[in-house]
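Please go over the structures that come below.
Below are two complexes that have chain A in common, paired first with chain B and then with chain C.
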Partner chain A sequence: MTTAEQAPEGGPTALTGPGRAHTALVSPDSDAAAVHGVKRRRSLLDRPYALASPLLLVMALFFVGPLILTIIVSFWEYTQYSIEPAFVTTNYQDVFYQCVAKLPNLCVTFATYLSTLKFCFIVWAITLVLGFTLAWFIVFEVKKTSTQIALFLICTIPFWTSNVIRMMAWIPLLGRNGLVNQVLMSMGIVSEPQEWLLYSDFAVILAFIHLYTMFMMVPIVNSMMRIDREIIEAARDAGAGIWTIALSVIAPLCRPGIVIGSIFVITIVMGDYITVGVMGGQQIASVGKTIQVQMQYLQFPIAAANAVVLLGAVLMIIFAMTRLVDVRREL
Partner chain B sequence: MNERGRRYYVLAGIFTLFVLFLYGPMFAIFALSFQGPEGGLTFPMRGFSTHWFSELWKGVGVVDIWAAFGRSLRLGAVVSALTLVISLPAALAYRIGFRGATLLFYTVIASLIVPSIVVSLGIGLEFRLFDDWVKEFIVGHQTSTGLFSSALGAHLTWTLPFGLLILLAAFNRFDRRYEEAARDLGASPWQTLWLVILPIILPSLIGIGLFGFTLSWDELARTSQAIGGRNTLPLELRGLTQTVTTPAVYALGTVVTGVSLVVIGFSLATITLIGRARSRRGR
Partner chain C sequence: MTERPSRPGGLNRRKFLYGATATTALAASSNLFSPAVHAQDPVTLRYLGTAVNQSAEIAAKVKEDLGITIEYIPVTTDEVTRRVVTQPNTFDLVDIEYMSLKNVVPTGNLKGMDTKKIKESDNITTLFTEGTVDGKAVGDQGTAPKKVIWLPGESAKTFADEPTGFMSLIPTVYNADTLGIRPDLIGRPIESWAELLNPEFKGKASILNIPSIGIMDAALVVEALGKHKYEDKGNMTRDEIDLTVDTLIEAKRSGQFRALWQDFNESVNLMASGEVVIQSMWSPAVTAVRTQGIPCIYQPLKEGYRAWAAGFGLPATAEGKKLDAAYDFINWFLSGWAGAFLNRQGYYSAVLSTAKANMEPYEWAYWMEGKPAEQDIMSPSGQLLAKTGETRDGGSYEERLGAISCWNAVMDENVYMVRKWNEFVAS
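Moving on, here comes the complex of A and B:
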């Protein structure tokens, strides 16, 4: 059973396998053996654990392992030069330093989370409305399937190209001497360059919408495609207007797509530090940025504690969201 | 919804505006990368030239852009191949079913939605602790982080979920009767895989392989803390946006995007061609 023994490298085996299968094709014995009731040798292809083990290995080594280590290290101590195994909660105390004592004033961590949550909510609301509208157009208004596919591809292609470039692309448009300011001034709408266009909350939100609307749109399109058109006809026959159909018929039926899209957008915005950094001119605080800076200074344990808190916050939001939608459905 | 009423035109208008919003800034970058030699980072363009591409060719700043280009290219190729070679057997395992299949599935999904910075930090930590441990045994050991260890792993946590999900969807639509027919005719499992299953799911496989490449080619957040000393192209590019103040940085943006678009175009064209060939043969 050499094939099974090579299981961890399932891939290479899969590549050499067919060659052997081909020689079996010309050998008349294989069929005869089956006919005579000789049990066929069990193939690697019948062994799910062997087949799944490379995936399991990668996930264990580069996802689950690192997460567990992050939790462990968040309880360690650190000096300027090294990190030391220990079990202390000082890192978490540092993360939430004076957070309760200073209330109602916000400590650094609460302020950072509040700022991140603000971006999260605005971006989520806009991408949801926009994603839903765009999906509606592709699914219900466009008749030809080939046009639908073409429009869908037009929206998704930018997703496969670099985020940095798509962010960078706003700079010549929004900058002090950028195209938008030039146009606004030549039209006499403003008399001097608008500074708030770039390196601001506005720029960050604009970039997020530019980058991630399709994370919301694609799952919604996916859900909408499955909706039976007759349900809409029935609603219309029953006298429902277009807004009633959209909000009381289509939206609830798109719930899985909306939830998946929302989870994507929320987790991305919560952990982001690159978009906030580039578009905010390195001036706006974000949770991800805090972690990145602490790593730069090799303060791994406190960075880990921050990462654990972030992960907890993200999971709580996801959990609350799925609950929220469930509750609404039951009402 | 049978007639093209006002709603159709309003929505078509919104869609068109969104597409302009999506592509407009990108075109600004492409246009400005052909800026004349005297031109700057903003409009108006002063002439039209390929000056900044030749500047780019000579190298920008202190970093070796072309070395980073090569690194990204090699890493992308390896990530793409591994994504295929790991997600295909895994998807086959899901067709058989096994204990813990659900847990593994949720782990893969979690890998997609846990914030990149957390994954990146974890991998960085893991390799750091591993290095500390190795140093006790091997004098002079520097680091195990690198392109084909930590960065490769970081990229796989991003590409494998896509690979698995695409294949599970493909197998969802798969008509098992083809396979049963092959088995009834005496085909071995390998023959069934090679001659029946793989040709049917070929478009999905091409998609996974080539999109695996572009995902890796453009990946930034997961690599940033997990790569060690040497950078990939997106990381260099991010650095350059803060230091380089000539349109050469736009020229680099155009080149990077060009590679992505060529790969996407190539994969979409191949998938379409396979589809056409099939419908012609009446499969």
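Moving on, here comes the complex of A and C:
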């Protein structure tokens, strides 16, 4: 939550009315209080806190509580059939087993994270371009509001089926004797079946993009909708081309949407193991999969340690990302 | 239920064990003589296990015969173990693999089962009680049932080496697994586990991604390649784990595997689509490929089979009416109808004599004696499994189970093994 809120906070250009109101609603304490000072502070003690308390309670119960438990358990000892309260760091040592000794070769954990980060970056970059372009089309190119809504709804249709089914649907298409290979071969483009289409990095990335472009697009559409069309006209009058408008005018104004979308995509890809498993033919490691296997074998403490490390990594990425975008804004 | 006649022999020991709840136990032991029909007094048993063994037909038949309602809780193999360890009060009966016992029995969450209350206990196949088939000892590497079937008492946390009168699990089904192949795409005989890593099948092989089972298949391959002879494939040293997994890593890096599979359906799809022509496989998966009209053989190999076995266990907290019903259900299960049902699916049942009495002679000859089918062989759900004249892969019961090389197992070095296996997946 907190990271998501930071996004709108830093973008004074785009955030006029609605954005600011949104921020104030979600986190009544920090910046609202800073802006309005003491006068506002008194009312904070009653209504907003009362309004926020159900969410706070839910978060405490289902997010903060389990998280603290996970951290505690990550220091426990375990046997094949029991976990014992203790305070040992062996679980963390096991997570990073031989990571320093093996350098420059990568240990399992580093290799797994590198592979996951690679997917993250590629998927993020592609969904960003796709999401931005699609959002642009819906917001600026389609003139009628009803058409806009219709197109937007069409984008959500794939979400009427489950994740797994959407993923599975690719398998008969991409397989050795699948539709794509048959078409390619009958057209004479290739002479034998292309094996890299399925159970490969390519297949994983394809499925990720199929599944998660929507998560990037929606927040960007949301941001774009708020952009005053006159700004674009002003830019055009000042002689800016389409690329300049996109990169120097629209993109900075969509910054909150882009950051929120990026956070969605990156956190999902970092934790995903089902897509990587199914589309990668179980041959590609992912942090989530490692945790799942450890859970299967009742190795809860080491799984918890892995989860804590993963959480740390994701938080670092998100922190870095918000920094990165801030830097760009200042240029 | 207390008004039922008691069985004098059971009284003292039961009293000793149960103290104040002796009456309950009396009622339980009385069932030996009069398997109760629970229709007047409806009982529901929560049956925890994998979906594979939980058929609606069995539940319907039990309802009809005993009046007991079976409420299936279908979960994955690993989840069964996890549930027994962490939530032992959420089921009345568990169908669990023998290999899991090493993780489960030390928790004390399972009740030792009194063989005196199991009518057919003396007729349970010797494969379980002694580790022999037809008088000959079979491979006992790994968690062979004979090592974990006996408990010193009702509330035991350790295993007994000798028969004691208390069983950890009453066997339900077992089988001997091997490699599945596509004979049409391979076009030559396959005789050894070593073929799994044969470069001829580069990009067309698969192994299962369940560490504790996958490593056993890998060990059979390593032995077949002549790289190493294991003391016990089911309980490797760290060096042996390194050697085995490194062999797999090498094969993976050179592109041997098309994919790894994790659940039953994945293995069926890999085989049926022709993505893979040779892989670790489970018997019902082979059947599933065949029912699609695609040739698939569960290939017997000269190094032998990797066997597994599952059985019924009772939670330590079971008592009263539910405990009686559980014993009734287990007695019913061993009495033949269910055994025949399982045999017809290509599994093997615990008590052969009762199952035989419930099967047609031609069925018994095909499934158990390895003879050519005298007429078409149908599955319990009515699908054609074998045409007249076909024989079963692996031959007769004695041939197949006599050739067991090792059993699914949980190793002492399990933690290290899982870590090493993750390295294989990440490589």
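Convention: the second predicted complex is superposed on the first by the 269 of 331 C-alpha atoms of A that agree within 3 Å, B and C clash if a C-alpha of one lies under 4 Å from a C-alpha of the other, contacts with A are read in each partner's own complex, and residues count from 1 in each chain.
By definition in this document, contacts are C-beta pairs under 8 Å (C-beta built on N, C-alpha and C of every residue); 3 or more make two chains touch, one makes a residue touch a chain.
Values in this document were obtained by computation on a predicted structure and should not be read as measured data.
Looking at the shared chain after the overlay, A:Gln283 reaches chain C, while chain B stays out of its contact range. In the overlay built on the shared chain, the residue A:Leu311 is in contact with chain B alone; chain C does not reach it.
By the touch criterion defined above, A:Val58 lies against chain B but remains apart from chain C after alignment on the C-alpha atoms of chain A. In the superposition on chain A, the chain among chain B and chain C reaching more residues of chain A is B.
Once the two complexes are overlaid on the shared chain, A:Ser191 sits clear of chain B and of chain C alike.
By the touch criterion stated above, A:Thr145 is placed in contact with neither chain B nor chain C.
By the touch criterion defined above, A:Asn177 reaches both chain B and chain C. Using the contact criterion defined above for the overlaid structures, shared-chain residue A:Thr70 touches chain B, although it does not reach chain C. Taken together, the two complexes place residues 171-172, 175, 177, 295 of chain A in contact with chain B and also with chain C. For chain A in complex with chain B, the residues that touch the partner chain are 10-12, 14-15, 17-18, 20-22, 24-25, 30-31, 34, 40, 43, 45-46, 48-52, 54-56, 58-59, 61-67, 69-70, 73, 83, 130, 133-134, 136-138, 140-141, 151, 153-155, 157-158, 160-166, 168-173, 175, 177-179, 182, 210, 213, 232, 242, 263-264, 267-268, 270-274, 278, 288, 291-292, 295, 300, 303-304, 307, 310-311, 314, 318. By the touch rule above, chain B contacts chain A in their complex via residues 1, 7-8, 11-12, 14-15, 18-19, 21-26, 28-29, 32, 41-43, 82, 84-90, 92-94, 96-98, 101, 104, 107-108, 110-111, 113-119, 121-126, 128-129, 153-154, 156-157, 160, 164, 186, 188-191, 193-194, 211, 214-215, 217-218, 220-221, 224-225, 234, 237-238, 241, 249-250, 253, 256-257, 260-261, 264, 268. Against chain C, the residues of chain A that register as touching in their complex are 80-82, 94, 97, 108, 111-112, 115, 171-172, 175-177, 195, 198-199, 277, 281-285, 289-290, 293-299, 302. By the touch criterion stated above, chain C contacts chain A in their complex at residues 78, 81-82, 85, 102-104, 106-107, 203, 209, 211-212, 252, 257-262, 266, 269, 273-275, 410, 414-415, 418-419, 421-423, 425-427.
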